[in-house]
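Paired with chain B in one complex and with chain C in the other, chain A is shared by the two complexes that follow.
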Partner chain A sequence: MTATVPILAPPPRTTSRQGPPGRWWWVVALLAVLPGLLPPVVLVAQVVTGGAVRTVPISRLLELLWQTGGLVWAVTLAAGLVGLATAWLTTATDLQGRRIWSTLVTLPLVIPSYVGALTLLGATGARGILSEVTGWFGWGPIPTPIGFFGAFVVLTVYSIPLVHLTVVPVLRRLDPALEDAARGLGAPRWRVFRTVTLPQLRPPLAAAGLLVALYAVSDFGAVSLLRYDTFTRAIYAQYQGRLDRRPAMTLAVVLIVVALTVLWMERRTRGRAAYHRSKTSRPRTPVALTRGGRVGGTALLALLVVAGLGLPIAVIGSWLARGVGLGLEIGSIWSEAARSVTVSVISATIAALAAIPVAITTVRYRSRISSSIDTAMWSSYALPHITVGLALVAFSLAYARSWYQSLALLIVGYVAMFLPQAAGSAQSVLLQVSPQLEEASLSLGRSRWRTLTAITIPLMARGLAVGAALVFLTVMKELPATLLLRPTGYETLAVRIWSTTAEGFYTRASAAALLLLTVSALPLYLLISRDLHD
Partner chain B sequence: MTSTTEPTPLAIRARGLTKRFPDAVALNEFDIDVWEGSLLTILGPSGCGKTTALRVIAGFEQPDTGTVEIRGSAVVGPGLWVPPERRRVGMVFQDYALFPHMTVRRNVAYGLSTEDGRSRRVAEVLEMVGLGDQANRMPHELSGGQQQRVALARALAPQPQVILLDEPFSNLDAALRERVRRELKSILLEARTTAVFVTHDQEEALAMSDIVAVMREGRVVQAAPPDQLYIHPIDPWVAGFLGDAAFIPAIAANGSVSTPVGTFETKLAGPVQVMLRPESVAVTPDPEGDLWVADREFFGHDQLVTLIMPGGGRLRARFGPTPLLAHNQRVRVSVERAVVFPA
Partner chain C sequence: MRSKVAAALVIALVATGCGASESDGPLVIYSGRSEELVAPLIDRFTEKTGVAVEVRYGDSTELAATLLAEGSSTDADVFFAQDPASLGAVDDLLRRLPQDLLDRVPEAFRDIEGRWLGVSGRVRVMIYNPALVDDSDLPGSVFDLADPKWAGQIAIAPTNGSFQAFVAAMILSSGEDKTLAWLQAIAANQPIDFPGNSPIVEAVDAGDVSLGLVNHYYLLRLQEERGGSVARNHFFSDGDIGGLVMPAGAGILTGTNVPDGARQFLEFLLSPESQKYFSETTFEYPLLEGSEASAELPPLSSLTAPTIDLSELAGLLDRATDLVTEAGLL
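And then the complex of A and B:
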């Protein structure tokens, strides 16, 4: 049985009948959400009308499903277990320096999977940095783990922070009284964890599982650089290699179905689990770790931080030093950086502005229409980026030729993919703003527009800024859609890292990677400090 | 009824307001008259629709049917709905709803246009609520009572036609409540504003208001000055809601009704209920008395004594610290005043 606490007080009213202007907000919100809904429609239409269904042999489809599915399961399971462990170690125990560990463990978020792949490739093999170290001891070079194992390691290491960040806030809010009550009834500690703590962590674990699974389903950078054949890699190969784009689109439709299946499975898992907040009256007493537990826990956290953050930085740094020492051409990175920052800033700004009507209609004017908009938006968030890129390419070629390979279409793509991040953070802030503030403004004789600009938007500002920072970070890192949508010759840092790594120019890749990490560090710091220490 | 176009001395006149929510009826033929310059309290148990009534008057809810006039001009009616920003109705919210991103000064100035006199008016109302020196503070830096006075100042600043207050004392602790209540009343008197309060606290309603409108299940069942209401409640429910009351069932005939504690005049005939307030029961120790003391709570300034009547009914009496009574002591009583309701 699930332990649930009844909610005694009714939840505070957040909807409004007389809030900021008008009920027609949903129209604007729908316009904002529409580009995100376009890809599946376009792809399905193209596949059906183009007779593309039979362009991919069924055996190939099954192979890709098997390989993609295997990777997704393995990564989700491993990241879920390790992330739960790091969350528990850093919130519920008396581990030394647990607050610092908690921040450090999330830092690998800044590192895109293709930089992770670069790390692995640059560390191992005949020329690898780590192989050089083993050489000092007279051992042979470490073999490069390409294929499943490499992809599994990289994706797991970089999705552990997603689990950690999702579980920690819930773990922190759990009412220790429930656990105390269970122990008072004579249950041993492991049974308390299994029957009381774990059931309460089911919602965040399911949510984290969804995030990780979608991350693995849609990853392109790591699997393509480490040569593990999944849908995203196959789609790009088809797109690149042939004039006939129908096979790529067929694969993309199947990939979307896979992603939506993951989404559906999370909904099922969530089931009737109660989302409730308990007001913790007193802080929880940390679990005292044994000596072995302390050593093991610290070792695990240290290993993760080294693998996820230390190693990439060391490898990038060494390759850069080595390359500079040999007088190798580093190549231009500054104009790439300028392009990355430009598109990221523009996309983040547009996404934050578009988030305003979406948040207002879904929070203040809740109706069947607005909740459909909300659901549609969040479902579009599950779309693998490569399918969005492919759909927008197909769309522009079929209906808007002048948009093909334009900067504008690239930015539309970014906003379509990342609006949910901005809208989600705007929604959560607006939920905290009492509608009475808007009513107070109206009763003081201010118009609805004035209320919007003087009260609602300023109070949402923090959420909008956080959302914009998130979008900025994600656009900086985005690779597959950028590869498909960018104007010819428009190289961003992400594209530069990917292409130079693929060609084995690790020094050039390292220079671009170092710049990318530097630019991403500040917004990431703001986000992490908000999530962990709120 | 007077014609709707003619100005009346009423600040608010509502007729036949009905408002259904998907799961409840909040207002059911709600009528109210609020006289210019008066202080009216809508009193009722929680869930009776009193906050909805206030929100309809302010313009935050649209009723299904009914009309509202503010100072003689219709704001709600068939095919008519004036939005809240054009009603000139000040509102003080239960949790004050101070704009957290603005200073006290900017909060108070918010409802004023930028024309000259704005800063003078801000200073004036802040002075009126005794917060002249707090203008540059942020709302969260103030105490609960101060926040409430800022909310009041903000509502008063644009000189609204009427000011509405939704449970204004519920967020204050009991020790502070009485003082704030007195301050608020004197500020409202000084501002010469018509004010409508909503509360579920009987004592608060009786102490504050010129008129108390008792509300039950979406409608006003009785509106009268506090003393009238207390002494002449319209039905047993209102009597019981306003304060401690004992009901003695009896049969009335020939213009009077006899009870174990006395005989009372009434125009009713047949089965009735006689309502007695504890403070109208005078108790005298008497070994021959028909009643005896079952329980006694001594408060110092007064005491509350529970008596058992012949036949087993209970009756409570409230009086000063004397006479001293013992448990099980026999007494007789004389009742100064009673209200007779049909049973």
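And then the complex of A and C:
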């Protein structure tokens, strides 16, 4: 979700011939990424053998492609531009309170898209909180933004933090010498930004664009609640509303192709650029904003924080207050919270452990095998969650009956989807660690295993912790795969919010949502402190 | 030593996998009825009988599809669905219920071959906002909504199980051609589609939409949560398919290993206590012979329920989805 694609220039040498724990670890790494390869294989097999290809009319496919594609483009473009602006405002300028703004702008990350959509529905329309505010001024109610516009707004607001978190660390480490030189040669400020700063930001922007595009492709909750017809919504409608599951699977296969196309496009544009800073570089001089720039910049940041964080909390709070005031029952949320935390902790731990062999193999032992492992892993990250759920249900029913509807399968699903978050974080840390440290340990007589546990893993620890925090956060919020894979009776907070919303019990939904946000706050803090305040 | 991490991974996975137990443990219920509505009832059942229960909640059609995929190896003992179509879809997997149990509900609300029975009734209605729709304009039949004068005013939930079962019933009562023509006319009226019944009721009550096709009890629930409502229910009468009474019901799976618990559960659903719960808490019609519905509702006998055989609905469920898709509503 955040800057998991290594972008910064690594030390001169990162690969090793004899470091711990040995070349053969690619086998372990392969085992770790294998579950992520299962979903596409299973779905394609089911579609081909079940004669499902003809169950969806081609006109319907084209319509969904058009609508999904349009949304993904628009969200990626808008979030990219705004996220770049927030990163620049809070990193490169003299804007007042920029450090606090930088943190505030990333906080919407804890809010799942379906909660964002739900609160947007609650804020607008004749009864909405925002409409009440406009009513004070004698203006009419704000119409509920459903369809494309609503989905676009919600997904953009909640993916801006992804761009911000990816761009800020890079922007902070850019060598100011280049910009200073350009300015010294008389280039106006805008031209310096366009011709010097922006090109250096291409790698993080491409990486952020990928994260946002995949987020939009995979989103299920917001498009469903805001009634914009995309693949994920259509897949769930077919899954839920039909006895025949083949149309859902056919749509899922097409959606996977869409997601992999997005991944492939990013790989093509990113290139292999690496930028070095000169050793003697000074800290950058902040750009002095004009008065208009200060006001405009602050207004933009404030708007984002209000829309992404203030509004959801206000709406949730008012629902909760109204419900409690009317004496309505909140219902059980504590056991749901305990389940959410349990699966999130287990998944995060397993993902972090599995990330160790993957990171070591892909960073220290570059080979065709290790780069295939890397590609396979990122491909599984691109899989829309609903397709993973669908595939694992079909797989366990057909081939692994004892795993069907088990907690273990749910966790396998989470790890398959979110291992790249942990591994990517571990990779970028390991890239910064010189293999000479490990080689020194070996030459001093320590065994490979001992070197691994005493040198490599401790050095990776921070990356692993951040990766685990990221996985925890994502599992807490995950909805579509959880809906399909959860064991009987295993209702999590996310499922609870979804089901109470569908039934119109907003008081209960808001209590669960509030608890979800609270639990997510700690891991978010870990993440923010890594990416923003190095 | 080296493979410790890998071993830990495997152990963790296997250990969590073992949590899913088999054999004759608790009574497993697949509930197409939402947790919000039936969880208190199920808790009461356990309290009363001591039978431990595990519930899988989901959409009725989805769970029916799940049961079909699982086949006879399913862990489920009872299927508790919100519409007869879902129950009918899996009737090959259901065992025949004892006659004395079946006899407690009217014949129209149970399977001809006695494999499932209705426990509570819900009526399809048109909810409307009196500020936007004049009482004198209320349509006499759901087919009247095809009139272009309703353009842009109709809210529907095309992905909802109740809507799909309603379309299946329309196919049964009026034929495919007439149903498709109606759906196409509705589509031409540019309806506003919602993910479920509750948001429709919210929107109509708020005046964002004039009217919507939903089940009758959503409005009563909103009135309870809000302490009142602007919107009203309009019941289609004279046997109009728009006023279809559909039972939510239950059946017992053939492969159950706790048949006694399953039977006890069905008996509990038809007990006066549960029937009172359906009437007073979920605002449905109790189906146990002799029990009374909420005073706020028109009596069930005053609603001329359409004469269709509910057992036949199942076969038409996917066809209904096809027609809804063909009309461009899904």
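Methods note: the second predicted complex is superposed on the first by the 500 of 534 C-alpha atoms of A that agree within 3 Å, B and C clash if a C-alpha of one lies under 4 Å from a C-alpha of the other, contacts with A are read in each partner's own complex, and residues count from 1 in each chain.
Keep in mind that, in the parts below, a contact is a pair of C-beta atoms (placed from the backbone, for glycine too) under 8 Å apart; a residue touches a chain by one contact, two chains touch by 3 or more.
If you're wondering where the values come from, they're calculated on a predicted model, not measured in any experiment.
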Contact breadth on chain A, by residue count: chain C or chain B: C
First, second, both or neither for A:285, with chain B first and chain C second: neither
Which superposed partner A:459 touches (first chain B, second chain C, both, neither): first
Partner chain(s) touched by A:491 [first = chain B, second = chain C, both, neither]: second
Chain B versus chain C as contact partner of A:444, first or second or both or neither: first
Touched partner set for A:432, first chain B, second chain C, both or neither: neither
Touched partner set for A:375, first chain B, second chain C, both or neither: neither
Which superposed partner A:367 touches (first chain B, second chain C, both, neither): neither
Which superposed partner A:96 touches (first chain B, second chain C, both, neither): neither
Residues of chain A at both interfaces, chain B in one complex, chain C in the other: none
Parts of chain B lying in touch with chain A, wherever the complex brings them together: 58-62, 83-91, 93-95, 97, 99-101, 110-111, 154-155, 158
Chain C to chain A touching residues, read off their complex: 1-3, 5-6, 8-9, 12-14, 16-17, 19-20, 28, 34-37, 39, 54-57, 59, 61-62, 64-65, 68-70, 73, 75, 89, 159, 161, 164, 192-199, 201-203, 206-208, 218, 221-222, 225-227, 317-318, 321, 325, 330
Residues of chain A defined as touching chain C within the complex: 21, 28, 31-32, 60, 121, 125-127, 143-144, 146, 224-225, 227, 237-245, 323, 326, 328, 331, 346, 349-350, 353-354, 356-357, 397, 401-409, 411-412, 449, 487-489, 491, 499-500, 502-508
Residue ranges of chain A in contact with chain B within the complex: 17-18, 434, 436-437, 439-448, 451, 454-455, 458-459
